[in-house]
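All chains are identified by letter, namely A, B, C and D, in their written order; residue positions are counted from 1 within each chain.
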Amino acid sequence: MRVAVVGATGYTGLELMKILVAHPKVEVTMITSETYKGQAFSQVFPAFRGVYQETLKGLIPEALASRAELVFLCLPHGSSMKVLPALLDTGLKVIDLSGDFRFKDPKVYETWYHMGHEAPQLLKDAVFGLPELFPATIAQARLLANPGCYVTGVVLALAPLLKARWIYPTPIFADCKSGVTGGGRKPSQRFHFPECNESLTPYSIGQHRHQPEMEEALGAFAGTKPQILFSPHLVPMNRGIISTVYTRVREEKAQVLSLEDVHELYISFYAPCPFVRILPLREMPNTHDVRGSNFCDIGLVWSKRTGTLVIASALDNLVKGASGQAVQNMNLMGGFPETIGLLRPGEVI
Amino acid sequence: MRVAVVGATGYTGLELMKILVAHPKVEVTMITSETYKGQAFSQVFPAFRGVYQETLKGLIPEALASRAELVFLCLPHGSSMKVLPALLDTGLKVIDLSGDFRFKDPKVYETWYHMGHEAPQLLKDAVFGLPELFPATIAQARLLANPGCYVTGVVLALAPLLKARWIYPTPIFADCKSGVTGGGRKPSQRFHFPECNESLTPYSIGQHRHQPEMEEALGAFAGTKPQILFSPHLVPMNRGIISTVYTRVREEKAQVLSLEDVHELYISFYAPCPFVRILPLREMPNTHDVRGSNFCDIGLVWSKRTGTLVIASALDNLVKGASGQAVQNMNLMGGFPETIGLLRPGEVI
Amino acid sequence: MRVAVVGATGYTGLELMKILVAHPKVEVTMITSETYKGQAFSQVFPAFRGVYQETLKGLIPEALASRAELVFLCLPHGSSMKVLPALLDTGLKVIDLSGDFRFKDPKVYETWYHMGHEAPQLLKDAVFGLPELFPATIAQARLLANPGCYVTGVVLALAPLLKARWIYPTPIFADCKSGVTGGGRKPSQRFHFPECNESLTPYSIGQHRHQPEMEEALGAFAGTKPQILFSPHLVPMNRGIISTVYTRVREEKAQVLSLEDVHELYISFYAPCPFVRILPLREMPNTHDVRGSNFCDIGLVWSKRTGTLVIASALDNLVKGASGQAVQNMNLMGGFPETIGLLRPGEVI
Amino acid sequence: MRVAVVGATGYTGLELMKILVAHPKVEVTMITSETYKGQAFSQVFPAFRGVYQETLKGLIPEALASRAELVFLCLPHGSSMKVLPALLDTGLKVIDLSGDFRFKDPKVYETWYHMGHEAPQLLKDAVFGLPELFPATIAQARLLANPGCYVTGVVLALAPLLKARWIYPTPIFADCKSGVTGGGRKPSQRFHFPECNESLTPYSIGQHRHQPEMEEALGAFAGTKPQILFSPHLVPMNRGIISTVYTRVREEKAQVLSLEDVHELYISFYAPCPFVRILPLREMPNTHDVRGSNFCDIGLVWSKRTGTLVIASALDNLVKGASGQAVQNMNLMGGFPETIGLLRPGEVI
């Protein structure tokens, strides 16, 4: 498949390029960047010298349509919705990695992104790209909204339990810890090495835009919309998210529940999903085991005393949390095997 | 005051030495180490060359008693209880940084530390050394049990709310993230640089020995013993703990509560406490602001929608979480101003 | 090609496995470990769950010979020479990643490794596996000695200049800085996270075993054995080596030399080498551009004032400095394209 | 002594404030910042809450003169020379931490800083503030030019040998590795956490402004101006510089030299200097042993084979390399004991 990457010089673009240049079914025929157009990709990222030689172009929908069948849109929130309609009009399929098309209701978008939506007519047809939950609709999608990094980790942690109705849907506490690449490539005081290094902090508790996205995705899947209190934390490392999710088991269920029951539920639920690994009983996930890979690892704890199930998931925010998942979606949309081009182990070191 | 440090070559011993050599009211007259006895402290830690020249000795209670009035015991759990009775018998005051004397009931110790207690007769007189909660008894203590690092962060986060009875005492979720010095100085695969670096993981959820310690301290202070589900996480940095604590507000209170109310409660509660800093509204703590200092910073979030108060505290696990707090306790026990030798800002960088 | 990995659970073994499981021409048919035999590789490294399922075996030469054509030996120095003769006797080709077969003269080995050589009869046939310098002999090798990580970076930096005889062969200063994975997987105080993190130190200046290896390889290639003073440094990061090499230009040459001349020399020398990237004039290499890749990047500085040429090379110590280079050698020995299975860009982030 | 800090919100200002607020002979009576004036220092750096309450003012020389006897100038290069004459005119003593007054010849400044010097008349009276070399003139200084961080490490490494004339003064290779705080507080792509973390790179080899500064300071001290090729490297950690300096011993000296001779030379040379620690034979310095301290640790290697002496020094770039040294200079200028307020051990962890 011939594909293009729009906005190839941010971190999701960079990560996508790493995956795509090695993907056996893909040819990257065009890449764009407003900031760097005219430069070779390998000038912006010297790491690509000797691997990929193309030059960055400006964004012209017709040019993209003439060279590619599918476009990955790696633009900031607010920019995607400006260019996406024209891209769809050319007949291109689009995988959008921004937050612009992840909500059905433009009002929700406006509340959480603090701007009006400029293409609300497309929202109803946009498919939410979490392949473990919505594989069938993804395979048919023309406009795919790739989920947020935190969202992927929390939704995968909760989906089996919510679907089985073993837990109360509200409140759920999602305490998430992310590496710094999640903040993007733009320098700022907060991400300045000396102040970010050896530093740990919570931020935007209950106010992060991924919170309503988690709720909407889980509601759509499980039929009941949960209320999640989402607490993100910034951790001084490059990649990886641990989501530690606290849920209360329904009283009648709690009396009979065993950890083995929960483990079996998860094993069975994710049996068809090659990228979700349910860890053996009593093992906890570690970001280094998923680093650079498209896996999401899940560990489980049952605290009978407090009636609480804790689900801990680990993923690489740039791979399963962004670009790897985008390629997984592309595989489904293109009719390829789901794992093709994506089956690497975590890096460990 | 003449003091001695027993077990001076672990991380709490090292940190204590940094504070004590600069303390205007203290002379460190003796230091001991079984592993390194006969070596100069500055051979074990070349960082102390030119600052402190003493040689490490073996542990002989009479020798300690002849040279010091107070001993800091920086031994591993299980070792403290073996030597502490003999030290007390000489008339020395003892500040114990291990977990051996933090519980009133030896059965609790045995359950969580998996060994029998060898000096249960001393437990009732041991004073739990959290100066913000128990200043009066600390001032009179002869045997002081210095609290665990996680315990300090969680207890300081919860004490005002539990005392005021604004929240349900159970269940409370304490999601804590700690730097690696919390694991001590002994090398292991888990703390091997390449596998620990760039790696994040939860561990011992609901099973960590600091969980019953939190509950006992808060119960003793507030009159109601809470049930806490404690989830520690290992973060790839040297120092610092963020404790993010989730509590449910009592229903009748929740209807009228504002964030300002909670803020005022904390400001007022901690007004007499020089080392607890309640952050301005909507600010969150950051470990780099407490690094190397004895401060504990606290930020507050009120999620009306879910009826949940989130309290986030930050401290340096080796200072306010261990050796700084031990010196704060020594200051109280010695009749010195509480802040003497301890009033450094956080390091930031 | 069917290959086996002996000693698969150290860092070079782990890195080799990452490359081999994705290599289109290779099937890994057997892996061994004395420490972990009987366990699945994915138990030792959970990162491989869902990717590679084999169980670790004990080392039995006949078993290896019946299942593989080529063996990668990832054993510590001193262990390789004990098992290698028996492996060769079965007809297996062997790529040895230890230092045991890198010197022609067993006395040199004994001087620098402080033990007698147990298979000196094999030294003369062992081929030094630096593909950029010795591609023809490598293609014919049955026993290949894969170079040391530091050696690769310094030798690639110096080879063109020494061959061209533009510099004095003695003394040359090689100031090298390495990430911590170079020290292996065994925990120790020195590599304990809290003491290694945020810490930088030189070690073994003039006494490291890679120093005579650099000299022997360059001597064999250039016809003149240089004298190198090699200074390694430990840097608090996982991967990567920067070698900053200081050479004096021969007086007559210095008067006419320009940086452009040197640049052209390097470009031309490395034109046939897909994994050496000579950077544009005045650019310096960065470990993040080679991280996870088999590239070695080289930058050049000409200080006319002091008559000194500085060559700075960057590589990933576990890839081009160890396991990637081993696979590059395997590609040559197996008659495959040199880059197959190895052409990934550096990771950057 | 009443002192003021101008430009208190950069990293050297921040570090200076940490030292000064704990200095028993100092009261910080005024702090200024153009960017943050009107804000409390503890708003800019919340780490100082509870420790220091003053508000940042604008820079008005008369106001400074009315409240302080000595001013620390922590402004960027180019800004210091604009305000310094007016400050001196008020009678204030000034310690300038920028590079503006470190050269005697304004042409050297103009060549390396690429701007004209605006107060050349002051250069001849400015005293270069390296207390180990120039204690007498420092004690009398009214305008003190505090040395660069790299300069301090390299000059302390070389001074004894150059003075003793045991080595050839040219060429000398100074391969230095610095933590990221050396680059200042301003965010940029290069210092963006994800690209700086796990990344190592040389930069500005032979072109850094500290190179002529090293040569001038050593020339002034030893009577012979050396030629140094200075190679800085950026290391992914916050603080610390290792300078590994390569020098050739004069031929006649080399034949009789022993490492012990060199060691004695350094011990004797630095005997009066409380902040220089000559390590025991065959020990190498480590940045973690000087972190947060004003010490400079020095280790020595004698390579008889190549006739080369290697000197490795370690210091904290923000303390002995900047603000600690500024306070050491202030101590001398104020007639205080040299070590007062500065005698902390390195942090180790």
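One rule holds in what follows: a residue touches a chain if its C-beta (ideal position, glycine included) is under 8 Å from a C-beta of that chain, and two chains touch if they have at least 3 such contacts.
Computed from a predicted model, the values in this text were never measured in an experiment.
Between A-B and A-D, more C-beta contact pairs are found at A-B. Among the remaining chains, C is positioned farthest from chain B, on the basis of C-alpha centroids. Over half of the residue-numbered contact pairs at A-C are shared with one candidate from B-D, B-C or C-D, namely B-D. Distance from the chain A centre to the chain D centre is 46 Å, each centre being the mean of its Cα atoms. For this pair, chain A with chain B, the centres built from the Cα atoms lie 38 Å apart. Taken residue by residue, chain D touches two or more other chains at 11, 179, 181, 194-195, 197-198, 236-239, 286, 288, 291, 348-349, whereas all remaining positions touch fewer.
Remark: chain A residues 11, 14, 17-18, 21-22, 45-52, 181, 198, 238-239, 274-275, 277, 279, 283, 286, 288-293, 295, 297, 318, 343-349 touch chain C in the complex. Of all residues in chain C, those touching chain B in their complex are 11, 179-181, 185-189, 191-198, 236-238. Interface residues of chain A facing chain B in the complex, by the touch rule stated above, are 170-171, 173, 175, 177, 179, 194-195, 197-203, 205-206, 227, 229, 231, 233, 235-240, 242, 244, 246, 248, 284-288, 291, 299, 301, 303, 305-308, 310, 312, 314, 348-349.
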